[in-house]
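Both complexes shown next keep chain A, but they swap its partner, so chain B is in the first and chain C is in the second.
Up next is the complex of A and B:
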C-alpha cells in the first residue's frame, strides 16, 4: 500500500519536474551560476531532466538497493574501528591495512581452492571458510600487535597511539607490496584472479520483473546484516559484551570490579582487526574495490568518516552513519553517471558529510561528549 | 586581547638569573606573565611533554633567543660591562651559525668526499645535493606543520591543503592560467601570493575547525583536506587529465631573488636553473637551487622562530599546555589558534611553491593527498615534535634513510653499492626457496624504503618519543642553542676564558 503511494507521488513529481524544467530554462534564460563555476557543461535543463529520470521508480529502486549494498560495506569497514575506539580511545590508522590484508588473504584462499569446475554453492562455502580463516589470522595479528606495540602506549597521550598505528600502516602496506610483487602481481591494480572466483549468480544480475538486481549487492546486504546482527548480539546478549560496554563507559570502574581490562582491550582489538579482515574478504569480490594495496587508504578514509559521523565509539551511530554514507554515495554515483560529469562527486560528498556533521554536531550523530577520552 | 605589557622587563630579570632558576620563575608568573605560567605549571601536570623542554621554554628560549635576547640585552647592559649585546647575540647564535655554515659548505664537502678514495662508500651514505633540496622545501613544510600541531597541540591532518595550494598557484600562474598574472610573474611574488591565498583558506577552514578539539579537530581537517584533494583531482581546468597534475614546460626557470632585477636573482630547477661561477668555484644548477631554496627556507625558519619566541608564541604554547587556563586568564584562544593556523598555512604554501618551482610539476597525489601530511608528521615526530628545527632534521633523517635503502635517489644508496661490491659468487648464492642473494637484495631494497621508515618510525614512537632534537634537548637540559655554548664553556682553556666569559651574560 505504502509502496503504491510512494510510486504515485514519485510519478507526480516526475511529471511536474519535466513540465517545469523547460519553463525554468526558458523563463530565466540562463545557466545556473553555481553549476557554471564547477561543472561547466551542466545546464538547468539537463539537471531538471536528470532529476525527472532519477525520480522514476525503477531508478530510485536501483539507487536504493545500491545504497543498501554500499551501506553494508561501509558498516563492515567501520564496525571494527568503532569497537576499538569505543573501548580504548585508540584511533586505529592501521585499520585499512587490516582490511587490505584480509582482502589478499581471502583472495589467496579462494584462488588456491576454487577451480573452474567448482559449483556456485561450493564457492560460497569456500568463501565462508576464507572468512573464518581470515578472521582468525587477523585476530591473532591484531592481538599480537596490541600486546607488543600499543599496550606500552596507553599511559601516554592519545596522539602517540595515532602515530604508532600510522607507522604500522607503512610497514604492513610495504610488506604486502613486497610479497605481492614477489608473486608477480601488480600491487596497485585489483587482483583479477580473485574476481574470477565469484560464483555465477553473484557475478551477474538477477532478473526480478522490471528491475535487475545485482547478485553481488544482495550478497553484500545479507552479509552486512548478519555481521551487524552478530556484533550487536555479542555486545548486548553476552557476558563478555557486557564487560566491553562497561569498559567503554568507564574503564577504571570496570577494573575496580575485578575485571582485567587490559585483556579485554586485547580481545577487542583482535576482534576489531578480525572484522576488518572479514570486510576485506567481502570487498575482494566487489569490482569497485578489489584486492590491491591502495585498498588500505581507500577503506581507511570512509571508515573514519562513518565512525566520526556516527559518533566516535557508538555502535548504533556507526550503523546509522554507514547507511547514511552508503545512501548518499549511491545517489551521488547515480548523478555522476547520468548528469554531472565531475569524477570526484561521490567522494567529495562523503567528505562533505563529515565536515557538515562535525560543524552541526561535533560529537557525531549519536556520540556523547567526553566518551573515549576526548 | 593585548599581551601583558609587563613581559619585557621581566624577561630581562629572568635573563639575569642563572639557568637553573626556573622555580623562581613561577613566582614571577603570578604578577602578570601569563603564557609562560602555563608551561611551567604543565611541567608537573602533563606527563607527555619532556620536562626539560617545558622548563627550557619557560626560561624564554627554544633553539636560542633571537631577537628578544638582543632586545633585552641592550636594555639590561650589565654594570660590570662584560655583556655587550652583539657579543651575546653571537653566542646565542653559535649553534645556528654552526649549522648554517655546515649547510653552506655541504655541497663543497660532498664534492670533496665523493672524489676521495672512499668514494663508493660515501656515495652510498651521503645524501645527494638534489635530495638536500627536497629536504629543505619539505622540511619547511614539516616545520610549518609543527608550528601549528607541535606548538598549539592541534593535530592538523589536512595540512597538505596549504602545501598543495602553494604548488598549484605557482604552476597555474606559470602556465598562464591565472587571470591578471602573466606566466612570467616573478617567482618570489607568486610565492607570497600563494602564501596569502593559503592564509585565506586557513582562516576559512580554521574558523570552522577550531570549534572542535582533539581527535575531532584532526578528523575535520582531514575531511577538508580530502574535499580539496578530491576536487583538485577532478578539476579539469588545470588540464585534460587533472589526476596527472600540472607540469610547466614553457616558462624559464623560477628565479629567487629581488623581483624585476635580473642580476639579483637566480633561477632554480635542475634543467632550467642558472649556473654560477663565483671566484674559482663552479656551481651546477642543482647547487644553485640548493642555495636559493635553502635561503628561502632559512628566512622562513627564522621568521617562525621569531614568532614562537614572541608573546604570541607564548600564548600558542599556553594553549597546548592548558587551553582552559589560557582562556581563563583572558586570552581569546580561538583568535590565537586561528592566527597560528594562518601563519602556518602561509609557510606551508611557501614550501609547496618551492617544491613546485624546483620540480616544475605537481600532482594531486604528491601535493594534496593526506599522506603528504603524513610525511610531515613523520618528519616532525622523528625530528622532535614541538621543536621548530626538529622537523628539518627529521626530514633529513627520513630522506637519508630513503635514499640509502632504496634507489629512489639516482646516485647513492645501498643497492648500487652492494651490486658493485659483492662478488658474483655471493650474489648467486641461493637463500631460501631458490631466491638468490641478488634476488633478495633487489626484492627488499628496491623502492621499499617505506617499510624501513615505518619500522623506524614505530621504534621512535615507542622508544624516542621526543624525537632527535627533543631528546638531545632533554639530555642537555635545555635548548641546544643555549646549552651547547654553556657546556662548551667548561672546556675553554683558561687563558681564553676571559674572552669566552666576555661573551657570557
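Up next is the complex of A and C:
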C-alpha cells in the first residue's frame, strides 16, 4: 500500500515540479523574472493587502461556504472507502473508478432525459432518479466484484487485495475509456453535455444582498449533509449498522455470535461502491470535477488523504477529516488565487496535512491502532 | 443425553500439531472443566468446537449433527456460545450495544438487556458508556452478560477469572454458577479450586492430549494426580 500511495503522490509531486520548473531554473531567485512571473504579488505590502481582503466578512463567508462545499464532496468521496476498510480491512483502489462510473452513468441518465424545456425542479427530480439508479447499479457491481474477486483473497495477505483492486481500477478505467471513445465523447476533458443538464439555479450564483452564493455549493452542502446523516443513522440506529460497527472491531467475535460476517462484507462493499457512485453523480455537475476518465484518479487521492487523516476505517474521523481538508483547501485556494498566482499549491497543502498527521498521530485523528470501528 | 461429542480431533496451526487426538463429551446441563497448563491446547479445543480452527481429523458433533464444514456463525446459530479469553468485548460499542449484538433480533434485545442488568446490576449505570472505558472486572461481567444474552444451549467459557482481583473472581464465580442453572458450560480455567468447585466433571489436557478425566468429586485441587500436570 505504501508503495502504491508513494507512486501516486510522487506523480502529483512530479506534476507540480514540472509547473514549478521555470522557477526552479531561476534558482529560486526572488528577484528573477521567473520568480516574479510565479509570485508577482508576493511582497509584504501585497500580503498585507491580501490579508485585509481575506478578513473581510464577505470573503470569509465566501471561503467558508466554498470550504463546506468542498468538505461535502470530500466526505462523499471518502465515506464508502472508510466503510469498506473499517469492516473488511480492504483498501479499495477501485473506489475512484466507482465514482467515475457513477459520474458517467448519472450524466448519461440526465443527458437522455433532460431536454431544453425541462424545468429546474424536474431536473432536480431527474437528478435524484439518477442517484437512485447509480446507487443501485454500482451497489450490484460492487457486490458482484466482492463475491467473485475479493472474497477468495480474504485469507491471503492484504497485498493481494490491494493489487487486485489496483488492477481492477485499470481495467474499469480502460473499459470506460473505450466506451466513451466509441461514442465520440472526449475521454479526457469533462463531459460538457452533462453540465448542460444543470438547472439554472444551480448553474448560477444566488444573490443574498452583499453576498453571492453559488447555487451548486448550496446543493453540494445539502447533499453532503443528507448523505452523512443517512450513513450515521444507518450505523448508529439500525441493527445492521450495529453489526457493521461490531464487525469492524472484531470480525471473528462477531462471527462467533452467529452473524454471517462474509455476507455483511458483501453488503458493505456494495454500499461503499454505491455511495462512491452517488458521489460521482454529484461531481458530474461540478465544473471543477466533471465526468471524465481521469476523475477516478483525481478522486482516489483526496479520498485516501481524508481516510488516512481521519483514521483508517472510522466514519467519524472521515467526516471530521473531510471538513478539515475541505476548509484548508478552500482557504489555500483563495490565497493562491487572490494573493499568489499559483493554482497548484492548494493540492500541496492537502498532502501537507497528510504528512503532518502521519508524523504527529500515525493512526489518524480518530483511529485506534489495530482497530477499525466507526 | 450427550450434547457435544468431540471425537479424536487433530488440529493444527499451520504445521504445528496442537491437538493430538482429543476426545471429550458434554451432556446437557453439565458443567465440564477443561484444565491444564498454558499452551496445552485448551483454547484450541474451544476454537475447534466453534470451527474457528477446524480440525484436520476427527469429528465434532453437537446434538448428533457433525459440525464439520459449517461456518462459525452457523455453529453459533445452532446454540453454541463463546466467552473468549481476554473477554474481547467491543470497546467502541456501548455496554448496551455489546449485549444487543448477541441477540438475534431487535425484538428480543430489550428483554436480554433487562436480564443482563438484573444479573449484573453494576452494568446498568454504564449502559451508554463505551465498553472500552470499563474496568477489567466490569468488562468480564459484560463478556459474561453478552455470552448469556445469546440464550445458547452450550456456553464455551475461556479463562473467565484470568487477571482479575479476588473480589471480582468471586463475583464471576457466582455469575457462572447462576449461568450453570440455565445452560451447559464447558469451562477452561486455570484457577483450579474455582474450576473444580463449579464443574461436575473435568478433563485434564497435556501436550494436546486428554491425559485424565473424571468426576470433580473424586479430586481436590491439591491432589498430586492433578498438580504434577498443572505446575509449571
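The criterion applied here is as follows: the second predicted complex is superposed on the first by the 330 of 374 C-alpha atoms of A that agree within 3 Å, B and C clash if a C-alpha of one lies under 4 Å from a C-alpha of the other, contacts with A are read in each partner's own complex, and residues count from 1 in each chain.
Definition applied: contacts are C-beta pairs under 8 Å (C-beta built on N, C-alpha and C of every residue); 3 or more make two chains touch, one makes a residue touch a chain.
Just so it is clear, the structure is predicted and the values come from calculations on it, not from any experiment.
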{"item": "Chain C versus chain B on the shared chain A, clash or fit after superposition", "value": "fit"}
{"item": "Partner chain(s) touched by A:49 [first = chain B, second = chain C, both, neither]", "value": "neither"}
{"item": "Touching partner for A:348 - first (chain B), second (chain C), both, neither", "value": "first"}
{"item": "Touching partner for A:258 - first (chain B), second (chain C), both, neither", "value": "second"}
{"item": "Which superposed partner A:250 touches (first chain B, second chain C, both, neither)", "value": "second"}
{"item": "Partner touching more residues of chain A, whether chain B or chain C", "value": "B"}
{"item": "Smallest distance from any CA atom of chain C to any CA atom of chain B, in Å, after fitting", "value": "7"}
{"item": "Residues of chain A contacting chain B in one complex and chain C in the other", "value": "374"}
{"item": "Of chain B, residues touching chain A in the complex", "value": "46-48, 155, 208, 211-216, 218-220, 222-224, 226-227, 230-231, 233-234, 370-371, 374, 377-378, 381, 443-444, 448, 450-451, 453-455, 457-458, 460-462, 465"}
{"item": "For the chain A and chain B complex, residues of the former touching the latter", "value": "91, 149, 152-153, 155-160, 162-164, 166-171, 173-175, 177-178, 181-182, 297, 301, 304-305, 308, 312, 342-345, 347-348, 351-352, 354-355, 358-359, 362-363, 372, 374"}
{"item": "Touching residues (chain side chain C, partner chain A) in the complex", "value": "50, 52, 71-73, 76-77, 82, 84, 88, 90-93, 97, 100-102, 104-106, 146, 150"}
{"item": "Footprint of chain C on chain A - complex, ascending", "value": "239, 242-243, 245-246, 249-250, 252-262, 368, 371, 373-374"}
